[in-house]
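In the two assemblies presented below, chain A is common to both, partnered first by chain B and then by chain C.
Now for the complex of A and B:
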């Protein structure tokens, strides 16, 4: 039972004494400038190494390794599948439009048919966990829903194929569609909550994912180009080879990134390690993506994650400690022992101020904020 | 579907991927790939690629029963074939499948008896094998990857344990024809060959020198320590297949030694 509780919670609670927890909490909650155990600034990420297109047998793949040795490998595979027609099939008018679009642009015209979220399947392998344990299932669903839910608005250049979001991109024609399998492999026991690692790796793998070029048109059975060199990226790229435009994002639409943010006191801290999560007041998973029509980032989802600080052992203030009775001045004043005593650890009972959440979101989304920084950093990874 | 090899191989003497009968696929390996584990390795044989990490020797888990309390270290092996490893994405009905659990059992029994486990009483050596891409000879590649990771972890063993597959092309289910004495053994099978032809996996290691006479031998004596076969073949062909496999193992041993000594094999 207790192991199950731990698995569903943010991560295994590290073996820290109440005194250590209290020390960590105090230094992390220092007003304005928290002191983190590894000396990072609140918005600084751990260094990581990344590479893409590492597995020749997949449509797209990526590997990311943190400096502490946790590594994840993501492989994306796509299969063609027959669409089971839903009740709300298209009427002939929109079908005609669909055909027009095809003739005019020679493109897939995926805007005419909307995709289904279940075409994207995600599974996460974590050593030491079964497939159907709470942690892998929760993580995969959390990442899948933001992936499926991200719909790009407007049709700026290059974003035409992505008009229906990822779901729309998977439509081949009315009767056929792609099914996307995203398999995430964590290569070592998670040292911290693995969500940011898995999310960044999935992001890179999806960016490197290619689908074979469609040769058939319209409602024919799909027929693809044999040449893998002609394959098209799942997330299309704007082919601006002009160096003067290099400032513009090379991907009009990008898969979402889920960031892990914790609040300690009034402070907002990014990419927490295991010890930092253990004293967090609140743990949030924030999914963002770049919308195609504007420069700013778009918030897709916020999920709160059960903070493991709930499960830690409380410290006992001197006033309540049986061994210390007599040594302290006035033991009789203490009531229920529920209030905070300076320097004594109390398990967090959850709850966070609205202002703190607002600041968390603002730090992620703001101009030049953490979200942009992460996306830019990922863009720097060479995707051949 | 008959394999192309069966029609073209007798004519060209070249296999599907252009190799001759006694050629290995390109073997590349690295050690110390994952700093979070005691030892780790990455090994690819052709399109088969495997990552392996070793944790331990460490104190065994409590509630492990009597096994951890013995005077020897216990080897635990966990094999995970990734969903994207094969040509088609494998649908798994939860838990592990037959193939990976069979590989895990073979690896466990091979390394349990191979390693000097008596040096680490009451402890556990856990090996985690992830198959990233599967193209035949999985067990052999896993054996080689595990050996490298265990060497990286510094766990004493009498010698490198190297695995290889060998197969037999042609009509291997009928007895050998004594008048027409030609055999077509193949070394290091890829997946299409493995599916069509009878094949065996053999792993060898250096025999521990026993007695005075063995100390001054020039040639290292080899000992077969793993031998599995999952297909049918007539007994008359077995000896040739075994000989080809053992020869492949010694080629792989040289490559792995090169990797360990730092010059990439």
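Now for the complex of A and C:
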């Protein structure tokens, strides 16, 4: 059992018979218009309910529940911590400054000001899994890498504070920084691959995260305003001067969203449920965010996920089935057990073509694509 | 989770003293590791299969040390090596019957285990696998499961263990982490793991669709002075110690005979790639294509190593 659990997506292999898998695959791979078991369109997400700022003891929190009963809660906590320059990265700049007093240009805009990825810690708790099992570790690394990797494009006016991405935002001054703990709790059994749920919840929790307002300046020890009402958002909001436009707060920079995309035959399908992912030819997790300097979405990371279809049980064609001898009209004399027979399930083998990957990414990133739709939908959630 | 059963060394590791005078001389541009290869030129790979007699399949892989490392070895100026070169060993045990307690599986159950030796990186690694090592294990498993024909071994297990003897750096050792900093060295390690594991699986005579090999490509911007004006360039098979900032990198596991990718891991901002004007590809497509080219290069070495091991087993 433990070896089964090692697998990242194998834990999700549903107990479907080869006949059911074959039926699902055929209906999902119909050219142009796949038929999904729950009647959604290929790019449609499951309905969900979301709320933010539900946990008073955190800096930011969110809850999302899907209609099928899966729920996740995310709490974000921040701590002030002293910056320790890793001893193996000798601060060459400060050494240089000791020697050369004239060299002042590096005073503020350099080494210490850019943050480090380790300052963001993420832990994922999934019922039935140990915290060092492959699935939680893989999911948290996947979400963390797009989070700390997202570097804002340029210093556009509103995005000044986010110049170094989230990592840069966590810097207080050269000696102090924030450490961010993102704790993700899946409340229900993982019915489907839980990535989209966890990613959307984390996104909302980060949007609602507030840090206390800093009162000290420069290189002083940090000292904060004790009025929580004055706290600033981790992801700054641009206060639009035109009040008619500011129905929903707009963010120059947004946290990334990781979408789960599967390819079945020629079709690209979003937000697969457990049965759909079981027959996928390829599964990709694609992280996107909206960049401040352009209208288009920016790709942050792609990871392929092991499709569970590789672990399914093969079906046996009638020509080889001992129970069916005599029932079939003409037993194939050539069948070596390796040929693809129409309507008989075979576990997927091999990988994915480059064209398919390009098509999957394009569906996410394109103008009016699914990525924009998801981000717009998330903007609709009111974040206090 | 603290390791209480062994007497461990200091958690932070120890390193030779570095003096300020030495530091000044080593931070100048001459001592910084620089890429001497062409953007599309790959490092040489040493790959030999079947070195460990007790395992059913095994392999050993080594990347060619960079030019600056070779120079520093022959003519040492500093106690600190300027870069490191990947060295890893892979063993395959199996196919063997699953334990009695395990559930029935119609397919070969693959278990991958990637472990850095405590001395592999500049910072010491513990004996228990940390999150990044487990993450690498999952990536490797995805890459290999696409290539192995698993239904030929029902109710069996296959254990693949990789020991990283020397890992790649994430950046040049003297640099403080900057905004583009990430664990880029891990991507090279993964590519090496895929190639080595593929050779070891072939050495264990396990049926595969094709030899799967790993390749890395990255977008790097080297000149810090005019980073705004100069667009990042695509390079194959990077050594992270040789570059100032890596914007984006991609690893693929690729099967040339089927032209298929079994594992893809891309991270970073690939939107500002400098491509030809008449090149219709976007940044990430160019990255994936570059990584596939690198994997094709590694595949020639892999095929040769496998041929050698087959010849030895019949001799």
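Everything below uses one rule, namely that the second predicted complex is superposed on the first by the 333 of 384 C-alpha atoms of A that agree within 3 Å, B and C clash if a C-alpha of one lies under 4 Å from a C-alpha of the other, contacts with A are read in each partner's own complex, and residues count from 1 in each chain.
Convention: a contact is a pair of C-beta atoms (placed from the backbone, for glycine too) under 8 Å apart; a residue touches a chain by one contact, two chains touch by 3 or more.
Worth saying up front: this structure is predicted, and the values here are computed from it rather than measured.
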{"item": "Partner chain in contact with A:61 - chain B first, chain C second, else both or neither", "value": "first"}
{"item": "In the superposition, chain B vs chain C on chain A residues touched", "value": "C"}
{"item": "First, second, both or neither for A:168, with chain B first and chain C second", "value": "second"}
{"item": "First, second, both or neither for A:132, with chain B first and chain C second", "value": "both"}
{"item": "First (chain B), second (chain C), both or neither touched by A:353", "value": "second"}
{"item": "Partner chain in contact with A:114 - chain B first, chain C second, else both or neither", "value": "second"}
{"item": "Touching partner for A:79 - first (chain B), second (chain C), both, neither", "value": "first"}
{"item": "Chain B and chain C contact sites that coincide on chain A, given as residue numbers", "value": "132"}
{"item": "Residues of chain C defined as touching chain A within the complex", "value": "1, 12, 15, 18, 20, 23-24, 27, 98, 101-103, 105-107, 109-112, 122-123, 129, 131-132, 134-135, 137-139, 141-142, 145-147, 149-151, 157, 173-183, 209, 253-255, 258-271, 283-285, 288-289, 292"}
{"item": "In the complex with chain B, residue positions of chain A that touch it", "value": "55-58, 61, 65, 67-71, 73, 75-77, 79, 123, 125, 127, 130-132, 181, 183, 185, 187-189, 191"}
{"item": "Footprint of chain A on chain B - complex, ascending", "value": "34-37, 47, 49, 51, 53, 78, 80, 82-89, 92, 94-95, 128, 130, 132-133, 135"}
{"item": "Footprint of chain C on chain A - complex, ascending", "value": "1, 3-4, 6-8, 85-93, 95-96, 98-99, 111-112, 114-117, 132, 134, 137-138, 140-141, 145-146, 148-151, 153, 163-165, 167-168, 284, 291, 298-306, 310-314, 347, 349-354, 357-358, 361"}
